[in-house]
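Sharing a structure, written as C-alpha cells. Questions coming.
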C-alpha cells in the first residue's frame, strides 16, 4: 500500500510531461488523459480512505521513508527525508482531494484555449496538495505547500475572467497577483517559523515524528506558534488576511476555484493542525482564545458580507471565508470534539464549495454574467442545476442529513465544551445568516417567475452533472453516515498532544 | 630635525603640491603637468625609502610613458576647447569626504603601534627582488603579464578606427 | 635554489592562456573558420581546461604558498570553465551578427576564466588581487566591446573608472592589513589576528573596512552596486551573462576564502557589518527591481538581490553556511545562465529586451517561455527548482548560527522578489501579440538551455550529490593549515 | 415494539423510490406514497396494543430501541461522545403518530383530485412522503439530536411544499420567509440542545436528560436558559408570537399542504417538543412556564383579532390555527399536558376538515377571496355541511370535539393561572365565534356576491368529499374520548386522559360552570357574527367604519410584517453592505493594497538614486566606505 | 632616520587628494589621473611597510611593483575607452554620459 501513497504524488507529476507530448491540435486527447488521471487518483484516494484503519501505534500507516539529505552541514541523522505516511486526519482529506480533482477535470472539460497547459498546471496543483496531506517531513511539507501555490498565478491569469462592477473593477491579473502574493507572503512566516523550530529542537532533522517528541520550552512555543497560525491562516482564509479569497475566486475559472476553495484553503487549516498544534501544544493553548476570536469574526463577518453580495462567485467566496472561520473555531476549541468537527468541516466544506462552484460555473458558462439580481426563475430551464445548487446551499446552511450539519454540530459542541459560549452562540447565528443569504439567492435567482431573457438556458453538461453527482454523493455519505470519517479522524486527533478530553 | 628629515619634508611638500595641482588646476593641461611633478616627487620618496630600483621604474614608467600617453589623450579628445566648469556639482561633498577620510586614516595610522623596527629602513637589493619575482612570486608575475596583454588587446580593439569610421 | 614550484599544478590556466592565443591566431590567419565555429572552439578550450582540473580531485597541493590546489579550487575551476564554455556557446550567434573581432572576444573570455581561477586558488592576497585585476580588465574590455553602441561604451567607462577607483581602495585596505599582520598569506594573517591584536587594532579595522568596501564593489553589495545596472544594461547580452555569473561567483569564491581563513578570528567583529550590507543589498536590490521595465536591468537588480542572500551566508559564516553558500551560488549561477540564455535567444531573434516586448512569447516559443518561467521561478525560490532548496538550506544554516532575524529578512525579500518575476511571466503568458511567427529553434543553444534547466531541476529535486561535492570543497578551507616548516623556502613571504 | 422504526422508514423508502423512479412510475407514483402512509397508519395500532399490554395499572412502560450512529472516545476518563438513532414510544408519541398518519393519509387521498393535472404532480407526492417520514422521525426520536434532524427536515419540506408553485414570486418569497423564520427559531433549539448536553450526562438521550434534571443535576438558572432557548425553537416552528409572520404567508402553498403541514402536523411539532420536555420546564424555575403561557396568550389574542380582518378564507383558517396553537401553549404553560395533547388530537381533525373544505371551495370556484364568494351552500351542500361542523368544532359548541378539549384547557387555565388569563381566554372565545361564523356566513350563505364564481361552483368529486366526511365524523366523535368510560371501551384502562397523562391518574370531571360559560360566550359570539355578516353585511361594514383605525390595523396584521421587513432590509442587509464595503475598501485596498503600495513607492524613490552619473556612483562608494570604517572603528576599537 | 609614520601620513594625504579628484572632477581623463595618484599613494604605503617593518620578506616592494604595472595597464585601457567614447559622442565629461539611468 505504501506505493499507492507514492502514486498519489507520482501520477500527477508524471502526467505533466505526458500532456506536453500531446500536440495542441488535439485538445480532446488531453481531456481524456486528464479524465483518466483524475479517475485513477480518485480511485486510489477512495482505496486509501477505505483501507486506512487505526493500528494503535502513532496512527501513521503505509509509511515510506527515503533519505533525501543526511549528515551534511547542520543536518544530522536522516535530516531531510521524503517521508510519506497516511494518518487519520490525512485520509479524509486525501479522499476530498481525489473527489474534487475528478470533478474539476469534468467541469473544465470545455476549456478551449491551451487545454493541455491548463491540465498540466491543474495536476501540478493536485500533486502539491496530495504532498502536503501525506508528507510527515516538515521540509517536504513546506515544499509541497509551495508547489500547491506555484501554478495558481498562471491558472487564474491565463484562463480566468475579469469582471466589471459598478464601483470597482477586478481584472483577472489583479486577482491572480494578489492571491499568489498573499499566499507566498503567508508562507514567509511559516518559513521563518520552520527555521526557528529546527534550531530550537536541535535534533538536526525535519522528521515531524521526531520533532513532536522534542520538548520545546514554553516561551519559545508561545512566540513561534503565532507565526505558524498567521502564516497558514492566510491560506485558510483567516479573517484579516482573507481578502484574496473572494477576489481570487471571482477571477479564477470554475475548475480552478473548485480545487482552490475546495482543497487549497484546507491546506492552511491542515497546516495549523498538523504543524502548529501538534509540534507546539503549549503555544497553541496560549493562543487558542485569539484564534477563536479570529475564527468567529471570520465566520460572522464572512456570512454578513456574503449577504450583501450580488455576484454569485463573490457570495460563494465569502461563504468559504465564513465556513473556514468555522474550521478555525473548531481548531481553537482545543478539545477533541471541536478538532474532529474542524476536520469534518474541512471535508464537508470542500465538497460543498466545489459543488457550488460547479453550479455557478455552469450558469456562468451559458449566461456569461453572475449578477444574481438579473436572473429570475431559472429553475424552469435548468431544473437539475437548481437541485444541485440547492443541495449545496442546504448543506452549507447546516441542514441535518447533509455533511454541513454533522461538521458544524461537532464544532459548536466543541466550542461550547471549551467554554467559549459567546463564540458558540455567534457561530450558530452566523449559520442562520448563511441560511438567509443562501435562501435569498435561491428564491431571487432560481425560483419566482422566469425572466424571458434566460428562457434559452440549457441544462448542465453531462460532465458537470457527473461531477455534481459525485460531490453530492460525498455530501450525503458524510451527512447520513459519518461513522467512517469520525472513526479515522478521532483516533489521530486523540494522539495530538495538548488536545483536551 | 636631522638632515634626512629636512630632505623628506622638502620632497613631501613637492609631491603634495604636485598632486594638489593635479586635483585643483583650472586648466586641464596644467593638471597634467602637475601630475608629472607629483610622480617625480614619489620617485624621490622611493629613493628615501632606500629602494632605488622602484624609483627608476617609477621615473621610467610614469614619468616617461604614462604622462605622455595622457597628454596624447588630452590632445586627441580636444579637451582644451570643451567649455563648462572643470569640477562637478558635488565638489563640496567631495572635499568633505576626502578630509574625513584623511582624518580617519591619519588617526588610524598614527594610533597603531606598528610591529617591528619602525625607524630605520634596510636596503633591499635588486637581485633579491629579481629572484623573488621569478621564484616566490612567479604566479602573480605570469598573471600580471596576462593583464598587460588584456590591456593591450583591449586598447587595440577599442581604440583602433574601423574602416567604416 | 631549487624551489618547490610545480608549474604542472597550473596546467588548466596555462592551457587557457595558450588556447586564447591560439584563438586569436586562428581568427587572424584562417578567416574561413567562420565566426560561429570560433565560439564553439573557445567553448571546447574552456571545457578542456575544466576537464584538466579534475586531475587534482581529492588531493591538496600548494603552488609555492601562492595558490593551493585543493577541492575548493577544483570545484571553482570546473564551475568557471563551465560558465565560460556556456557563454562562448551562447555568444556564438550574437557575435557573428553584431560584433567585430570575435577572436579577441573569445580570447578575453578565456583570460577572464584564468583570472577567476586565480582568485579561487589564491592562497595569499597578491595573487588574488592580480587575478582579480585580470578578471576585471577583461570584463571592462568586453563590456565596451560593442564599439559603436553608445550604451556599451558608457557602461564600459563607468565600470572601468569605478572598478579602478574601488580596486585602489581595496589595495589600500590590503596595505594596512599587510602592515599590521606582516604577511599577505591568509593562513598567516589568520594566525596573527587570532593572537592579541589590541596594539594594531586601528590599522587592522580600517584595513578590514576598506577591504570589505573593495570586495563589496566587486560582488555589487549595495552601497557599491551603482555600476551594476548600467554595466548589465550597456554590455552586450552574453557579457552581461558573463558578468552576472563569473564576476559574482569569482568574487564570492575569493570573499568566502578570505573571510573563512584570514578573518575568521574577527568574525564577531565584522559579522554584523556584513549582515547590514546583506540587508541593504536585499532591500534595495528587490525593491528597485519592481520598478524595472528593461529585462537586463531587471536581471541586474535580481542578481543584486541574490548577492544579498550570499552575503547572508558570509555574515553567519561557519562550515555549514559556507557549503550552503556555495551551493546557493552554484544554483544561482546555473539558473541565471538559463535565464540569460532565454533572454539572449529572444534578443538574437527579435532584438528586443524590454519586458513589454516579451508579450505573447508563450504562444510563439512555448519551450523558450517555459524555460524562462522555470528559471524565474527558481530565482524567486519556488519549489521543484534549485532556488527553493538552496535558499532553504542557506537560510536554515544561517538560522542555525543564530542569525534567525537575518534569515527572516531574507525570506521576506525572496517573497518580494516573486512579484517582479511574476510580472515577466504574466507578460509572456497573458500578453497577446499580433505577430504569430513561430520561433526557429536554434538546436545548439536549446541543448545548452536544456542542460541548464536539467541542472536547475537536479539541484532543486535531489541536491545530495552537488552538496557533497561542495562540502568536500569548503571542508578544505576550514581546516586550519599549519605552516608546514621543513622545505627550504627561499624568501618565503 | 421493535418494528416502531418501520413507521418513518416506509415513507422514507417511498420518498427515495419516488425521487429516482417517480416520473417513470404509472400515475407518477401517487399510489405508492399513499400506500406508504397508509402502512405507517396501520402500524400505529400494533404499537398501541403493545403499549397497552405492558401497561400495569395506570402507568405505561415506554419502549425504546437505539442503534449507535456515531461514536468516538474522548481521551478523558473513558468517556465517549456518542450519537444514536433510536425511537422512544410512549403515550404522547402514540397520540402524535395517530394524528399525523391519519391526517396525512386523508390529505394525500384528497390531493389526488386536488392536484390532478399539475405539471409537477409526481414531485408533490415525493415531497409529501419525505415530509411524512421526517415528521414521524421527529415524533419517534429518542434523543434530542435526531429530534433536531427531523425538526430541520420538516422545515425543509415545508419550504419545498410552500414553494411548490415556485413560478409565483409570492410563493417563492413565502417559502423563503418560512424557512428563514423557522431557521432563526432553530438557532435557539440547537443552543438549548448543546447547553443541555454540556452540563448534563454527556448524552443527548431525552429520558436520561430529564432524569438527570429531576435529580437536580443542572443548576436552575442554567436550566431555565437552556429550556427557554429550546422554547425559541418551538416558537419558530409553531408560529408563536414573535415568529408567527411566516404562517399566514405559508398559505401560498397548495391547500392540502396547508391542511397537513399548517394544521395538523408541523406546526404542532413545537407543542410536542414542549410537551416532551415539560418535566424540564417544571424543574426549571417558574419563569419558564410563565413565558410559555404569556406567549401562548399573546398569540391567541393577536391571531383571533387578525382573523376578523382577513378576507382570504385560507388566511382566516391559518389565524384560527394560530389561535388553537396559542391555546395549546396556554395549556402547556399551566403544565396541563393532557389538555394540550387532547386539544392537539382533536384540533388535528377539525382544522384539517376546515382546510380541506376551503380547498374544495377553491378547487370548485378557483377563488379564495371571501368578498367574491357567498351562497355556495346550495351548490356545494356536502362541503358546506362539513365546513359547518368544522366551524362549530373550532368555536367549541357543546357536542363537538372542540368543546371538550377547549374546556379542558379552560379548566386548567382557571385552576392554575391567575384570573386575568382566564378572562383573556374567555374573550378569545367570543372573538373566535365571531370570525369563524363570519367565515362560514360570508362563504356559504346569503346572496352570492360574484355571479360568475357562483355559476362556476359545483360539488367536488368523491375523492374530495369522502375525506371530508371521515374528518367530519372524527371531528364530532373525537371529543368523547375525554370520558373515561369511552376510553375503557376502547381498551384504555382508566380512559384516554390517564393514557396521555404522565403523572398520577386524574379522572375527568365535568366542570359544569366552565362548560356553561364557554358555551354561552362561544354561542353568543357565533350569533353576533351571524347578525353582523348576514345578507349584505351592512351592519359589519358600519361597525368597521366606526372603528376604522382598528380595522386597518388588523388588516395590516399589526404592521409586524412591515417592522420585520424594515429590520431585515435596514439592519441586516444594511450591515451586510457596510461590512462588504469595509472589507473591500478598508481591509483589502487599505491594508493589503496599502502595504503593497509602500513597497512599490519605496522602490520608486530608490530608483532615482541611480542617476546615471559616475561622480554620484563614486560618492556612493566613498560614503559606503566611510560609513563602514568609521562605525567599525568607533564600535570596535 | 625618518619614522615610518611620516611616509604613511604622506601616503594618506596623496590618497585623499586622489579621492577628492575622482569625486570632484568632471573630465574622464582627470578622473583617471586622480586614480593614478591614489595608486601611487598605495605603492608608497606598501614600500614603507616592507622596508621598515618586514625587510626580510619585502613582500611590500613586490606588491608596489605590481601596483605600478597594473596602474600602467589601467591607463592604457581607460584611455582607449575614453577615446572610443569621445569618437562616438564627442564628450569626455562623465556626468554627460548618463544614457543608462533609473
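Chains here go by letter, A, B, C, D and E, matching the order in which they are written, and residues are numbered from 1 within each.
Note that in this section a residue touches a chain if its C-beta (ideal position, glycine included) is under 8 Å from a C-beta of that chain, and two chains touch if they have at least 3 such contacts.
Please read these numbers as outputs of a predicted model, since none were measured by experiment.
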Intersection of the contact lists for chain D and chain E: B, C
Relative to chain D, chain with the most remote C-alpha centre: B
Chain pair with more C-beta contacts, B-C versus B-E: B-E
Innermost chain by mean C-alpha position: A
Whole-Å gap separating chain C and chain D, where each centre is the average of the chain's CA atoms: 79
Separation of mean Cα positions, chain D and chain A [Å, integer]: 37
Centre-of-Cα separation between chain D and chain B, whole angstrom: 103
Chain centre separation (chain C, chain E; CA means) in Å: 26
Residue list for chain D, restricted to those that touch at least two other chains: 607, 610, 612, 614-616, 618-619, 622-623, 625, 629, 633
Chain C, residues touching no fewer than two other chains: 126, 130, 133, 137, 140-141, 144, 147, 156-158, 161, 165, 169, 176, 179, 182, 201-202, 205-206, 229-230, 291, 419, 491-493
Numbers and ranges of chain A residues touching at least 2 other chains: 181
Chain pairs in mutual contact under the definition given at the outset: A-C, A-D, B-C, B-D, B-E, C-D, C-E, D-E
Contact set on chain C toward chain E in their complex: 126, 129-130, 133, 137, 140-141, 144, 147-148, 150-151, 153-158, 160-161, 164-165, 167-169, 171-172, 174-176, 178-179, 182-184, 229-230, 233-234, 291, 491-493
Contact footprint of chain E on chain B as seen in their complex: 2, 4-5, 8, 12, 15-16, 19-20, 22-23, 28, 31-32, 35, 38-39, 42, 45-46, 48-51, 54, 57-58, 61-62, 65-66, 69-70, 73-74, 76-77, 79, 82, 84-91, 93-95, 97-99, 101-102, 105-106, 109-110, 114-122, 124, 128-129, 132-133, 137, 140, 144, 147-148, 150-152, 154-156, 158-159, 161, 165
Partner chain A, residues of chain D touching it in the complex: 69-77, 79, 81, 145, 148-149, 152-153, 156, 159, 163, 166-169, 171-173, 175-176, 179-180, 183-184, 186-187, 190-191, 194-195, 197-198, 572-573, 575-577, 579-580, 583-584, 587-588, 591-592, 596
For the chain C and chain B complex, residues of the former touching the latter: 1, 3, 5, 10, 17, 24, 63-67, 100-101, 104, 107-108, 111, 114-115, 118, 126-127, 130-131, 133-134, 137-138, 140-141, 144-145, 147, 156, 176, 179-180, 182, 199-206, 489-493
Residue ranges of chain A touching chain D (in the complex, touch as defined): 168, 178, 181-182, 240-241, 243-244, 247, 301, 304-309, 318, 335-337, 340, 377, 379-380, 394, 397, 399-401, 405-406, 409, 412-413, 416-417, 424-425, 428-429, 431-433, 435-437, 439-440, 442-443, 446-450, 481-483, 486-487, 490-491, 494, 499-501
